[in-house]
């Protein structure tokens, strides 16, 4: 299929906050047309504008307003070239399976299939080489066109970008300790109660730390020789501590990092991050940012309110790069948790797949 | 001097936010009577209620309202038994010197004299043994009664409490990586601009990280054999990353810790922290909290809004104690930055001095 | 019954945010002892500390922690002298009825019985004269000791206090237009979603405006000659517009007011408000504040964070008293919505009843 | 001068928050090219990126980054077709005068000349008919091309839009009582201290209420028969109460309104507001929004975070239109305070002037 045709896109879980972000991004994306919106039976049959409680600061796109919401049965999605899933993990497992088994290309933000060895867990500016798993996945499931690609947890998405750049240039990483300050939009709606977060910090995001600690290893890892399964890193040790903070969008992460080999200087780290590029850029994907990593020199940056929209939310901003008295290097990064950290990653994953002729 | 007499207290820098906190705490403290309030020439001569822009959520104590503010010349402070300094560092050096050279007992929250080898840098629930330096300090300066004791930076105050408990029981600490989420009250008034912190994080607190990294070593260290100078730890390596967050009061700190020797289990750490006591408690000091460390079992605690007032702001709350995949132990602590982290520490330092007959 | 005996108090709806506030306040109140805590079947049988998700910034009182929660069947409340209800309106109707019919004295914060003509809707610093309805209420229901007294909606509580003072001194009020800025704690827990209120205002509080507009008329009104029913004001017209703002506690209300007769000057208004007293003070009720109305002269007050704790949350703070170019007088008031606006009012209502021999 | 040529624009006060907004808006506006950036002597000579502390959530436009900041001497602005002033009122008076006397067309956001009778105080979607004053202004000052047009205070801008629509259709307005909830960006940077606004409301914005109360009368008023001076309304009475709230951008205003004549129904009001158009739209001005007034039917709207960007910040959103028990109609409006309320209004004023051949 030519990558130049405008592709028909479905959004499952369209009424949730991730679904809303998919809709905003797709409405501005020339590669896709919003074709179908799927949600629970409770919403099915209603115009989207009535089925959803819109929470984006962008206005609801006109093409979504009057779309009639469907339930999530693949039989209702004929004509869709690509299916984006913003489903809640409690239902994503079964529904996504029904779609890829019905030979749809599924790009999922849910956690359910992320750690399956033949499923690409793909941050599209980091490890599109994992798409090589799709052939094995199709063979295993007996599919012709269908497959599933997942993107990572939102805080993982930010962390792996500089780690990948540094690993590629300076060799294996040995240890990293990361503490996050995560935005409330990551918890969906209604999500975090205001009484829990006004004038407050919540020092726990349930299940988030193990996700970060294992997803990073898969994303930065390789594939088996026959490209049948992923082979996670086994040499990197990670400790993640995750906090919820009163910020709308944008996860901040404070990273301390040790290299396995002789460490680079601060200037070498900065240059490496600035120069980092990826294949999705080379292919001219619409959502690939001009600068994958935005390195800030101002010592009080990155800041969520000022930097989260860098690269239209697809860049990672890294600042405060300095020597670490305990490990080698420390820095602070910012990632837009619902764009590169969620819907934007899925969409760029789909753009990449289109460019590679997988749709 | 008997410790039972009510002592006359002066507060320097009385119109600032630290000064306001001194006044609130002293007004409830049976060991002290507010005797004199000192501030800049601009405020001198005015009733306190007109000289200050009150920002505490407690109402202004009656005894402070009509006190006439003095300038900071020691000649005006006859009759004061103890001088608390909440002065800004830009003026604290000279003014505090003029007071202790005039034979006043000075308890300072400013950073100027903290790292002087014969000045106790004292978190009163941690290292009151450093008061042994006072004799040497007096000898060096030729003072009879005067001396200066400083308390630490607010974020340091929280960190050293569990570290001290653990070091005492399990032996030397090897490495710690800490990331803080610090409240706006730490920056004084007007301090942090609202445009910088609403829906935002500022990933830098200027000068804070080096302060934490060196103060901890002094506080957890010992004294020379003749008690003439402090001998900071040289075996512990620390990396601190400090962030400003939209919280009024209460610094949260995420700590990863490595022991030099065989590490304790999570349960042993909890027990150790719960059982930690200090000499100020034994002496019956009014401001010493019943529980120095409040260990929480709920996995989403400590939270600033819910836990900062534990022990009337003099306890440190430690939660999320768990194994660290990189070091040995990790946990999250909370300290009330303007109470144990500032004015409360100074006051307990003075109570301790009174009990020990140093006033 | 002597008003000097410590009374056994039950709290229904003890696990909710109003219930938690009742518990905090009762734990400091010498007139009451917490005897029983009631909640839904889901919580019944559990220790309170496990049944509730504590959200107060005060620590949970020791006497509540280990109390075993009961269901809300009056048969389990033998020995209670007074029953406080923080129940949700969806269940309060039936449960409260079962209690007062079982001859308990019920003090309710729920809206269900507020507008019943023989039920006192009582802000205890305003209209304790409405307690005269209790005799009629008992007669109508055939009760010996049981009755129900309700307190008003939180925003009503703030408004009626200065209106009552002004009406008493300057005669009937003609028109008032009030716009509120209400704290999130008024919505309970989880209540307002953080995505709805961070960097945002919600310009609607469902059902709040009609409640304010009708409750004020009942509270400021009188009784029929035989004290059998309440006779709401019919001469005052009210328009209320209610907004939710990102404040934890404390409702701010901007009031424009027209008198029926020749209006007082700004100075006369200030004096009137300052001099206002009530019978609960005269009787020496513990929770009656020293100053019912705290009049501020600083032109940027009242502010929720600075003034909500005036009179331990039982005073109303009124500031910005100035002429109104459209009506006669305008001012801004602040009321602690969960103390005078909820649990504190109920408790003072009960103290008053005790002093009057009604318990 | 043809309106089709791209015009050279200067921004005075370019480093402030209003100046930053001017730069963001001009960078997206096809009618203007940023030609010169002016600021204080302290900034003059520096590249803009170094002279300013950027606080917009949009990234700094490339064309501004390297522009060398000038001081505010008209001699340095040769070649500029239009001068936008975001200057602080403390210096705007003299500097703006020097520019219009040097025959520049000045569009000012400062308050200094707003109430001068022959200066248009123009909200460009409301009263562009006041441009007729320019001839008289030029005559009075002996200018050929120079003149000054001011836009209104930010909260005024929001209020006059629906009032104008209603006055045009239903005749004179009699009384209005308005209470505002204003965003912090209106106070510039550093502006409001975070300790004043986190978990808080400030019930005063100094000088704001009189500005609103007099500016509305001028904007909704007419001109003398010879178009030499403005003739403010004298039949409308206004009471404004202004509050600062913890919102970044977007002023909310709660309005109660009385008509002089028989009042329209709620439905008639909605229709009138929806149908309102203005001359700047008819002329095809780039910044004129498609819908001047965005009428919301959802009863919990407008909300700042969700609605402030309607019409790219140039629309006013009006919701909760309902009958008023005291006056006739009440509603809640939202205006983007730094776009239609400041820089956006100035720019649309300039676009209108260009279309009318005044530049």
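Going by the order they are written in, the chains are A, B, C and D; count residues from 1 in each one.
The criterion applied here is as follows: contacts are C-beta pairs under 8 Å (C-beta built on N, C-alpha and C of every residue); 3 or more make two chains touch, one makes a residue touch a chain.
From a predicted model like this one, the values you see are computed outputs, not experimental measurements.
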item	value
Chain of greatest Cα-centre distance to chain B	D
Comparison of A-C and B-C (more C-beta pairs in contact)	A-C
Inter-centroid spacing, chain C versus chain B (mean Cα positions, whole Å)	40
Distance between chain centroids, defined by C-alpha means - chain C, chain D (Å)	43
Where chain A and chain C are represented by their mean Cα positions, the distance between them in whole Å	49
Contacts with two or more other chains, residues of chain A listed in rising order	55, 196, 198-199, 246-248, 305-306
Chain B contact footprint on chain A (complex, rising order)	175-177, 179, 181, 196, 198-204, 213, 237-239, 241, 243, 245-248, 252, 254, 256, 299-306, 319-320, 324-327, 330, 332
In the complex with chain A, residue positions of chain C that touch it	17, 55, 184-185, 189-199, 246-248
Interfacial residue positions of chain D with respect to chain A in the complex	54-59, 198-199, 248, 305-306, 308-310
